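Pasting the structures in now, so scroll down.
Both complexes shown next keep chain A, but they swap its partner, so chain B is in the first and chain C is in the second.
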Partner chain A sequence: MREGNVVHISAPVTVVGDIHGQFYDLVEIFRIGGYAPSTNYLFLGDYVDRGLFSVETISLLTCLKLRHPNRIHLIRGNHESRAVTQTYGFYTECVRKYGSSSVWSYFTDMFDYLTLSVVIDDRIFCVHGGLSPSIHSIDQIKVVDRFREIPHEGPMADLVWSDPDAEKEDFAISPRGAGYTFGSQVVRKFLAINQMAHILRAHQLCMEGYSVLFDNHLSTVWSAPNYCYRCGNSASILEVRPGGQGQEIQEGDMYFNVFEAAPENERDGPGQQASLNAGGKLPEYFL
Partner chain B sequence: MSSSESKYRPPTKEILSKEQLEQFQASETHAAIIAYIQRLNESVVGVRLTDPCDESEAVKAIIGVLDSVAHLATETPPVDNAGSRFGNPAFRDFYDKVKASSKELHSRIAGIPEDSVQEISLYFEESWGNRTRIDYGSGMELNFLCWLYCLERLGVLRPEDDRAVVVRIFWRYIGVMRVLQSTYWLEPAGSHGVWGLDDYHFLPFLFGSAQLRGHRHLRPKSIHDNEILEEFSKDYMYLACIQFINSIKTAHGTKSTRV
Partner chain C sequence: MEGRAIPKHHVEETETTRSVTLPAWTITAENHPISNAAHLDRLGLELGIPMPEMTFGHNLIRLKHRESGWEYQFDTLHALQHVKNGPLEDGDGAVKVRYADEWLKSRTDPNSQTPLPQTVPTKPYDWTYTTMYEGHISNEEGLRYPFIKTQDPLHAIPMAELQRHDPILFYAQTLLFEDELHDNGSSSLLVRLRVMPGCIFLLSRFTLRVDQVLFRAFDTRIYHSFSSSPPLVIKEVIGLEAPYDAVKQRLEDPEDLTPLTDSTFIANTLSSMSPQEKQQGANTGWRGIGRKVEVATLQT
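Entry: the complex of A and B
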């Protein structure tokens, strides 16, 4: 990947939030948003873990990126990490499907190359998590060495872990234990210094599939419907239209296309997978 | 003005780095907590929820406290959620009410030195969910266990109470948590999704497997049999949890996660 840490692209582009291995819902995204490469896509990270089909999800996205490198962009999320994927399911899924950890190892090596941020039309700043107290200007992102495992702290960690807090103005310690929370003044200053109109990110579950804060200066897009097969939430993809200009987002520049879980989840969900796997792998007794 | 040095003080977050975590994992405290969990676990081998179980005064008082917490939730209904991301903001009011009542609730349990409340109450207050993120995960469950462990260290709970601690107190806590999780739409914190058994809890499966140890008929694959769940979930925590997950997870027959 010869892409820098900040990739500049143009609208029209459809932006996708967390997917977390929900492959059928990824297919649903292409159904409603249009198939690549006819539709340009920007994915904001968290492709793997928690869902049943992280392998299929990241495999498809990788193929699409290889095939259409200028029409598909993939940002790194906090789950694109060796440490996190060993806990939250991707590692286990790889070992079960491939019989060894090699595939996991190759994918996690690839994650080190994923870019950290994208700018659409020089006005919409896109990142997985949020802002960092170490980053005031986007130029400072360009000098980070991203070709490594996500560290526990520092600007690279903050970009993939931070969350907005509508009730605050400044940075504060994050209850997640990594990154920070950031408030209205931080957002205002960042947009002003970098002459941007909007911050677009993912990383947080939204009941309606998306959430807009700070007087339309920051949005969260969430693309995993019925998260964990229980949350009953909607999901969305954000369609950014071309021709937008100026320091404020106008009506019609951005459209949240809301969708629900794909019907395939009902016939190929955890129940079916459990029965398939029950054959050899169940322990015989409660120990 | 004299001030006596208390040996108790409010807990602060001390494990901040990987090295500190490793230190903690090698510590006496860590070993003691694990030993307590194992002791509790052993006390319920082959024990059904429906079996008679003696409840000491301390156990009864603690259950009364849990009932009061549940009551606070009914007094704090969810609010209109239009502006919210996921969890209901009324949870923050509930959390604050628990914190405000904490001292009084502790006073109902005989044998707790007044001085110690400043230390142990924090574990109690953090047992219900995270106030900022309006989420709940196994870390909060661990807080509740730590609160019980503190009561053990203070002599309020004794080894004779172990069985009641699991099948009465802890099981009641799970009941309260279910109400909170659904009332306030608590986000699953740190859930492993389909790669974990439950989005919120861990200990009911541990204790639940002890209950089922040595059972003549019930085996892990029993969890896939709805009739067994129907029949035995009143007796066994593990099965009750699976049944609960089934009722919550997508309808249309998808069962819970892999064993």
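Entry: the complex of A and C
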């Protein structure tokens, strides 16, 4: 609550992308990245929905944040929203595990307080989705009223929903009729105006666990391996090293630690549910 | 028919590929992880549209009738070739998200606090990935036995037979693609197949949900009875569409929206609507609504 909309932190810090309720894979992240508080962590949002253990995931992260408020930072993702969690699994999981919707209600109230962005060493801008045409300087983020449900329009919506488009230079409206994509000139201008070197974000699935665009000026970190228990993708966490300086990222400033799904998922996963694992091992009398 | 003999069959299996060899048929199913960035780029270049988030570019199910040489296949590249590339026109069933109008209004209103920036044109395409793909004949020889429209009542898929729990000799399912429509719903194409003592039965199902807007199902069913002579393959294609609320109303528990993510629930609910409701769909003018039956005669 005391945190502003832009929180400034220092490296070393390990940045984590979408988790989507894949609790065993969150534990795997601590195994390979180091346990808190010995390792500092920055989470880029989308803690809940789709995976089987959204409750456990957000509970653990909330506890860690309360216990080590200066070593753990949590940014808001587009799934940290009442509307989205009602369709994508978190609401249903809460009702199933607690017998009523109160716990869901408390968590979604808490989501309203999550910050919108973080800056590492005054040179790496971190957000869940991407850039907004309404935000040229990060000072403009500071004046947004974030203590509310994520709206459909405005800078707050853009920061958690927009996507980069490597084929473009400017902003474009999504073919869905709402939402922006942003291109290389937008990224260049934003970094120049704010004197930063790089943009870190999550929000989009990467088969290899991460993706780097715009001549190493933007990266996507994706931290949910074997997404939805059927994609077979790798995941990564990004280790930002201290001592980095200047307007360009140097080799050694950032390291993508790539990992695969935790073995626990095999024995505590979708199991009897209609999971689409290789080879269709669950015969069904479909019609 | 009771006490039907089990046809000779041999199953082979690797981590990604499963196949069954029957007296007259060889059936293959490929299941791989999602395509990597390089493969996605190649596919995207070839198709000219952004690829679905989860594109299983190497997945497929193939049916081969060895004597005639007829080969019929369901694969991701061909499925996506049927997704509209370009501005959507009459019959394409264009869809926008529910809040599209408000979004645009908030930015074009003269007093807007968040006016539209300089934007470049967006490449138009069907972002719902709606595809009316029915599978395709995948070899030269197979083209000698095309599917032909039929109104013959004898060419109906015997659902009663398929409801029997006869032993399943071979089962395969493969997901060709799935996309979460940027958290505005879900679009997927799943192909399933089962070989029974008396027949082969396949269901290729495209399912679309656009939150607060509509549902679509496009089903292709392939049926072949081993006792048909000459060998006959029946293909039934059914397209359905309905407004989101019409399906939501039919939920057992109005507080539990989980069935809205279940393709079987969606397809069954859409099928249970009245002919009038089916005809109207969700008022998008989508040409996929309707039903047709075709047969291929593998006469050698």
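Note that in this section the second predicted complex is superposed on the first by the 267 of 287 C-alpha atoms of A that agree within 3 Å, B and C clash if a C-alpha of one lies under 4 Å from a C-alpha of the other, contacts with A are read in each partner's own complex, and residues count from 1 in each chain.
Definition applied: a contact is a pair of C-beta atoms (placed from the backbone, for glycine too) under 8 Å apart; a residue touches a chain by one contact, two chains touch by 3 or more.
Everything numeric here is computed off the predicted structure, so don't read it as measured data.
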First (chain B), second (chain C), both or neither touched by A:109: neither
Partner chain in contact with A:179 - chain B first, chain C second, else both or neither: second
Touched partner set for A:220, first chain B, second chain C, both or neither: first
Partner chain in contact with A:139 - chain B first, chain C second, else both or neither: neither
Chain B versus chain C as contact partner of A:84, first or second or both or neither: second
Chain B versus chain C as contact partner of A:169, first or second or both or neither: second
Contacts of A:211 with chain B and chain C, given as first, second, both or neither: both
First, second, both or neither for A:229, with chain B first and chain C second: first
Chain B versus chain C as contact partner of A:264, first or second or both or neither: neither
Set of chain A residues, in rising order, touched by both chain B and chain C: 87-89, 92, 152, 175-176, 181, 204-207, 211, 228, 230-231, 233, 277-278, 282-287
Of all residues in chain C, those that touch chain A in their complex: 13, 15-16, 18, 29, 31-37, 40, 53-54, 96-97, 99-104, 106-107, 113-114, 116-125, 127, 159, 162-163, 165, 168, 171-175, 181-184, 190, 192, 194, 203, 211, 255-258, 260-261, 264
Chain A residues touching chain C - in the complex, by the definition given at the top: 78-79, 84, 86-89, 91-92, 95, 133-134, 152-155, 161, 163, 168-179, 181, 183, 204-208, 211, 227-228, 230-233, 276-280, 282-287
Touching residues on chain B, where the partner in the complex is chain A: 17-18, 81, 84-86, 130, 132-133, 185, 187-188, 191-195, 199, 209-210, 212-213, 215, 218-221, 224, 238, 248-250, 252-259
List of chain A residues in touch with chain B within their complex: 20-21, 49-52, 87-89, 92-93, 152, 165, 175-176, 181, 204-207, 211, 220, 226, 228-231, 233, 261, 265-266, 269-275, 277-278, 282-287
